[in-house]
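Alright, structures below, take your time with them.
Shared between the two complexes below is chain A, which pairs with chain B and chain C, respectively.
Let's turn to the complex of A and B:
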């Protein structure tokens, strides 16, 4: 299911002294089946854009098209509800939204709400728990006795239980320890590849963009300033610097190496593995042969 | 480095209805003006330690001394004046209707005269780059901006010790860099003692000392370079190692012999250049 924003503007507190234009003339697409990263400095409009994806906000002007649904400033609230079955959003710290007595009941809440019977909903819940890697023996226990990482998985399973086509993740690994973060990112990767979910990842972690995304949208002060593959985005450090964006660690290191004049990279590496391979190649050839 | 400002001996803590202790027999001294990073996987007891230091939790066993005074229910309120805490989730920390009022809240509580208060609020907000947002509602700020305001609220109180409980985890890279730079300045110029509980290994590598806690036990308290040398063991216990160390391992996997000791990124660049020149 592809998503398209056209000439979208969004203004907070319009007509007051606090009026603030959060999105300006945004025209951009999120391709179907893609793993799209949305990056941008704090306050660049990422969260505002996200909230348009399932009708939590309506454009002030312009439109969002999701599959065959078009949302404009005059779309009725009732029609927005339909969108939420297609686009599931995992907000920051989703575990704060858990409330049920047991893990299964919590995950089953949304499908029940969307009209499934208790049995159907709980069956879906058990499947989703498995999908996010929750062990079966915790399903009938309280979600509040789980670790932070597991609680977050419960919350994500609850979103997946709505069977969305698009999974939107807003800084999904914030607060997890490095191991938990890696496991979580691998889980999303699996959902992307095996369940063919379109993933939209809002992140500040350029390494996650480099490792997982195949498409990148860069926002600045409410405007889209670039939309391309990560390799394209990270190939111009001057441009990134100008827009206050970081490089993936491996890419940054490669530029540092290149500055010494002893190493040269044809294509800038984005990940540790690519970097190590390039370096080893250079070491075997005895450094920059073109020098 | 002066007298220890924090002295912890044989500290243990257990949450009710938990089978094992969250912290066991922990000993730690922190010198005045030090910058200490505390690392450990989720649930290792890092935050419990911070809460014990601030008297938010009462130990099962052991003692905590802050600036020479033992922490008890009688000394608690005086000791808290020495400590400013910034937590991970800024949404739980706001009390003011706008940014300026929020930063002023702690000062009002301490009965600081108005003139002085205005000045301190302004300085604190300027130091975190949020002065232009003084009149904004906190709800309208992004996560990173909120966290800077929370930090300003603490700076305005001028405590001796600042405890950051994963306070940079929600900032964007540039915001994080700014805050870390800010912490560095506060630590070096204003003599704040900084305890930073963090998963950001690059941040930890800038601290003077790194304390590693694993399942409630302090397993290491050393200079960053000595801690990061234990690369594989750190990763196994759910932690991370700096980028340079990971890269070194990747290169080692190709059968190239790499130096044993921990190299910073700069050190790694130098070593690679030497290697390539030699061959």
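Let's turn to the complex of A and C:
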């Protein structure tokens, strides 16, 4: 499912003295099957943008096109229910959404809402629990007795159980330990690879953007200031610093190396692997010059 | 959720903002009692002029006050209509069974309307110009005589300040959980009454759970910072009763005197 924003504006509390413009003239698209990262400073409008992806917010003006469905300011609430089945959003700290008596029931909640029978939904729930790496012995226990990391997995499984075509992740690894973080990011990567899920990731972790994303949208003060592949975005470290964005660790290291004057990179490396290869490359070339 | 104006504070530097919260609290309550003394056109006109003067002094845009009235408009209209059609006395304009439109009915109806609007304006003025914590402070200070009859005034005001502090946080949380559950296919406010009640469960349980967790975290954090109860604590925010507070009280005394003079006994 491809998603397209056209001249989208969104104003919070329009018509009151608390009026606040969150998105301005956003025209950008999320290609089908892509792994799109949305980055930007806190308060740049990322969360507002992602609530437009499944009709939780309707644009103040402009339009959002999701597959063949168009959402404008006059779209009725009733028409949006169907859409939500196709776009699953994992909100920040999604463990706050758990409420059922057992883990299975909670995961089965969304498919049941979207018309699956209880048996079908619970069968999907068991599959999804396995997919996110939950041990089988906790499935019939209460979700509130689990550890923070496991609760997060239950919540994510609850969204995956909807079998969405687009999976939206708002900082899915915030507050997790490094191991949990890696496992979770690898799981999303696997889903993207195997099921060709379109993934939209909102994050402050530039390393995740560099490692996984193939498309990046940069927001600043409610406007899209860049939309391109991560390679393009990160090729100009000075531009990023100017817009108060961080660099991936490998790119930062390469940038510092380049500043010493002894190394030169054609394209800024994004990952540690690329960095290592580029350093070897640069050393070889440097070696040739001195000979 | 964002449409609620009642209970919202707008920072400002007007004379009303700078009054001691205790005087504001007492005077707003006093005003509400005074309203019930009014019983003819002159007295209501006097109170209206006074209220408008207060609103102008606060330098808060008038539209806020109108918005404060808006959510209650149906209640007001309902009461007014009951008054208009079920009052007896005066000239009868129209009659049908128990319903009758009489001159005294119309007059009573408009009095009730004025009363409602004035009370809402004054209480909105209090909350718009006084930060919630100031109100909590004022309540604590005004309740302190109750300590003599063993009312746990300090605990009540602590709970009140914590509650007020967490109202916006909980509102945000509610909004977040609602959005999360909507994404999972819950339709809030749609369908039959039973369906609507059922839809609230996925919202209420997470809210309760997160409140429990929050309470536990807050209690731990408070203890870690040396909180041992109300005994022997000092205060950071200290309020002073100033000349302008006394003047405000004098203004209200004047108001009452004129009102009593204009009143039909």
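Methods note: the second predicted complex is superposed on the first by the 279 of 291 C-alpha atoms of A that agree within 3 Å, B and C clash if a C-alpha of one lies under 4 Å from a C-alpha of the other, contacts with A are read in each partner's own complex, and residues count from 1 in each chain.
As a working rule, a contact is a pair of C-beta atoms (placed from the backbone, for glycine too) under 8 Å apart; a residue touches a chain by one contact, two chains touch by 3 or more.
Since this is a predicted model, take the numbers as computed values, not measurements.
In the model built by aligning both structures on chain A, chain B clashes with chain C. Judged by the touch definition given at the top, the superposed model places A:12 against both chain B and chain C.
When the two complexes are overlaid on their common chain A, residue A:66 makes contact with neither chain B nor chain C. In the superposed model, A:30 lies in contact with neither chain B nor chain C. Chain A has more of its residues touched by B than by the other of chain B and chain C.
Of the two partner chains, chain B is the only one that A:177 touches; chain C does not reach it. In the superposition on chain A, A:99 makes contact with chain C only, while chain B stays out of contact range. In the superposition on chain A, contact of A:56 is made with chain C only, not with chain B. Chain A residues in contact with chain B (one complex) as well as with chain C (other complex) are 12, 18, 92. On the side of chain A, the complex with chain B involves touching residues 12, 18, 20, 41-43, 47, 92-93, 147-149, 171, 174-181, 204, 206, 244-246, 249-250, 253, 256-257, 260, 262-263, 272-273, 275-276, 279-280, 282-283, 286-287. Residues of chain A that touch chain C in their complex: 12-13, 16-18, 51, 54, 56, 77-78, 81, 84-85, 87-89, 91-92, 94, 96-99, 109-110, 113-114, 144, 158-159, 162.
Within the complex formed with chain A, the residues of chain B that make contact are 40-43, 88-89, 136-137, 140-145, 166, 169-176, 199, 201, 235, 238-240, 243-244, 246-247, 250-251, 253-254, 256, 265, 268-269, 272-273, 275-277, 279. In the complex of the two chains, the chain C residues touching chain A come out as 2-3, 10, 61, 63-64, 67, 173, 176-177, 179-187, 190, 201-202, 205-206, 209-210.
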